[in-house]
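Quick heads-up: structures coming right below.
Next, two complexes with subunit A in common: one pairs it with subunit B, the other with subunit C.
So, the complex of A and B:
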């Protein structure tokens, strides 16, 4: 009878691992067909396995026409600019919404979240008509500004919640110790907001990287990011090339995610 | 050192403090007492500059001093170690690194936190956290230390220990302290002067015993929960001769002096410390009579259970007596508290733990020294500085 609780505890742990394993499988399983497709010369239905293997799609990706590095660089440059704009706009907005109460607070909060509900294609079209008059050097900036529309609401929502959890007591204590507003932000708020800031930043980058319509409309199709390079192949059914571009798109994202997990693991140890 | 002249502060859009005057002397510990919501914390935050001054002014003698504020909860920065927390203010004020290190090391030793320097707040006990919170402010060497119920969340032995430690440090370093608390024992342990604050107003200021024994109003008396507290009319109903003769000061030929009549009108309330009232068992011949019967000047046979029989009054006047029934005896830290129902009210009599205990239901005779009644006004009189009740006492 004494062994029963042990068995139950072990059984519970086993169920936990089983669940985690299933979840991991659910997330990783789609990668397997992607890898197979990227190396498949020809894979007709209903074949379970590609009858023919080929590296042509990978060769195409890294050819001049494939524009692998150009697409990757453009995507990440725009994503980084989008993140910068989110930080500059989102942090003060989240802070104000969390720390202060004023008339029209609800309306303002709703306004910040509006892009999630209002079809932003229309807004982006309007922005395009205005941005198309900008000099070509501002192409990346104009696309990044367009990417702010779908990313800012998430960023503000995450950060607002983190600020609410933080409260104002520690900042008050810091102020009584003689710290300036900037010192309070750097030494108190930033380190404590780091989990939310990191998660929000990762989300902004991921959303920005995945934007197709927004990039296409904002740049008039002139700025070639990975989604823009990939989409024509997807719509014409060239699965092998889509797979190759998807894997090429995914590897830096995976690296980013691993860096985030590592950093999160380090800070949670404190 | 610091004079608050007619200051007003608001908090959360409401005016919490209006028209408050307070003077803090250099090197003193001023304890501010009051119920929750009276504005004590708002006042501290206002002095510390966390809240803006809505009206009035803060005037320093000489150049403005350094102010440090310790909150009720430790508010340590959870991502910083003990040493980093202690050094935070020094770093913010750009004190050179070496000097910072020296002061922090000295403070760690003073706070008896040696060995805990690298720990994070969640790895400390409640008392250790509060010491770090104190040290974080003390390391800045403030001229005025503001304490907002710093030990209220700690258990009694720790609270007493830290209060004593802080009092000792204050005596050594000589900084001024404005200490907010709602705990009377803590206040009496440390205060040089005391103030009572209610609903944003400072009702009374004075020395601790003076404020306690001669409250400035019924509000203050109620806050202290002073026992055996009755209106003057009631006292007169019970003991008309004895109360009138010992109204406010020494009588002349048995008459109340002219000037004292005015004090009688102002000081409409009176209370009697429970340790001054005595009881004795009702003599056999008195049993059966109504409990509310009042006796004056009766000699009591020796041998019956009683407290301090035979005490001689200084002024030679007989003591008032009242028959009652013991309702309850409850233990206190310093002895026992006997509750006696007499004259339609409940009287509290404090006893030492070595005194004989009456049983519940025992008929007793209360011996009430009317000359010891502390008189005070019902409503607060608007005077600055001095306790008005004390002013009117002929002591």
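So, the complex of A and C:
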């Protein structure tokens, strides 16, 4: 424990730069071959740069067997449904947990966070035992319900924290001025909570999009989201196809991130 | 007293009811259903109650379990320590860090499946690193590059998980560290503490629980996750989630009880580790949070 502060005090900017740079390199370097693979034709071993290019993988992606749009739409439909569930369940729960103390508070909070602290695949398997009897139109809903398990804990935790920072004074002031509960939520809490809400929502969408096993189990392998489409190619080592699907997965996420940055910039500018 | 007043003003905690019901029905309900199913007798009555668990009591499965638990702990520790160091470095006051912060967040946006693939294409013997090594003249044959995926020691799995979980740790710790610094640093400084002393005596003790909690989350996640070990781990002894998945999908509905039993074992391990951590935390609080 003694070395760490010492390094921080005297170790110089160079060491810090070096460590963070190494980490960034580790995190970002794999993207280069990813992009190269998506456009590479034949790319034999010792070449660092593909000697010939080809759009074959992209053509496959957009062919009828590639199911590019179907996978993307399924993924995002489930993610949006999951987000709706999170908002409906999570906002009131986080608000109450932050504003109030009641008997069983700790147990309830523990229950809400439980899917983070135990491997919950088995729960989804149990859920599937009875959800598989639901009619087929419920497929998206049952998958979204399964996705709520890994997302709601984060959502509640983030919002709970934001509500704690907010406190209860402004709401009280609004109430004495005659505002209704909805008005308080709409005009006092929402504008102040907006950053936390946006961050939580983005996280929910990202986690939902990336689920593989949960989607598989909850749908019995029938709902083809992007990870389900990608997995067979990844396990058979078809580098070029996986690269294409990965980039296809990434672009809407990148758009979402840019929208988030833009919205965050707008709010902080005000 | 304070409690009573609030209770009166706002009435009953209605807001938690929908979420609580949801968790009771789907989380607890699903869990109970799974437990019930795993104990059912099967195979036209020639398999007794709990046959699935009896099947698990083999050295083969215990070997898998040991590897899975050990590797999960290793991943959690490695990501935890690296993430902590990175978070501390990222929150030291300097402008450029805030600017480049998002680069360290980027892997959060990608699925574990992709992490496995991204790291594989780097680490394969025919991968990009091995190509770079050839161009730099370090190796001459593909075989001279070390085996890093599907390897004996799980290096590939560890790196792939680290790629995903270090950013998770950073995301978890950085806001916390920033707030602690804002709250406590000035006080500590005005009392004459150096930067290192503040870090050691004020900030670390306060956020220790969040750090350990984060590692517990990673541990529990890795324990039950399928994608990375399925794509990057060697076939023997095989991670428990991978085996469970094979049982679940390949050998017919009868074998699903075994898959569920395997996952329940993992869940019990995570719970036990969690209880141990909670106990240690209580002891540590009792001793005055000293590090």
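As a convention for this text, the second predicted complex is superposed on the first by the 240 of 270 C-alpha atoms of A that agree within 3 Å, B and C clash if a C-alpha of one lies under 4 Å from a C-alpha of the other, contacts with A are read in each partner's own complex, and residues count from 1 in each chain.
The definition used in the following text is that contacts are C-beta pairs under 8 Å (C-beta built on N, C-alpha and C of every residue); 3 or more make two chains touch, one makes a residue touch a chain.
Everything numeric here is computed off the predicted structure, so don't read it as measured data.
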Touched partner set for A:96, first subunit B, second subunit C, both or neither: second
First, second, both or neither for A:117, with subunit B first and subunit C second: second
Contacts of A:264 with subunit B and subunit C, given as first, second, both or neither: neither
Subunit A residues touched by each partner, larger count belonging to subunit B or subunit C: C
Partner chain(s) touched by A:29 [first = subunit B, second = subunit C, both, neither]: second
Which superposed partner A:191 touches (first subunit B, second subunit C, both, neither): first
Partner chain(s) touched by A:176 [first = subunit B, second = subunit C, both, neither]: first
Contact footprint of subunit B on subunit A as seen in their complex: 169-170, 172-180, 183, 187-188, 191-192, 270
Subunit A residues touching subunit C - in the complex, by the definition given at the top: 1, 4-6, 8-9, 16, 19-20, 23-24, 26-34, 37, 45-48, 85, 88-90, 92-93, 95-97, 99-102, 108, 111-112, 114-127, 129-130, 145, 148-149, 152, 156, 206, 209-213, 217, 221, 227, 230-231, 234-235, 237, 239, 242-243, 246, 249-250, 253, 257
Subunit C residues touching subunit A - in the complex, by the definition given at the top: 3, 6-7, 10, 13-16, 18-20, 22-24, 26-35, 37, 82, 85-86, 88-90, 92, 97, 100, 103-104, 106-114, 116-122, 126-128, 130-132, 134-135, 142, 162-163, 166-167, 194-197, 199-200, 216-217, 220-221, 223-227, 230-231, 241, 244-245, 248-249, 256, 259-260, 263-264, 266-267, 270-271, 274, 291
Contacting residues of subunit B [partner subunit A, same complex]: 45, 48-50, 67-69, 71, 73, 75, 77-79, 88-89, 91-93, 120, 136-137, 140
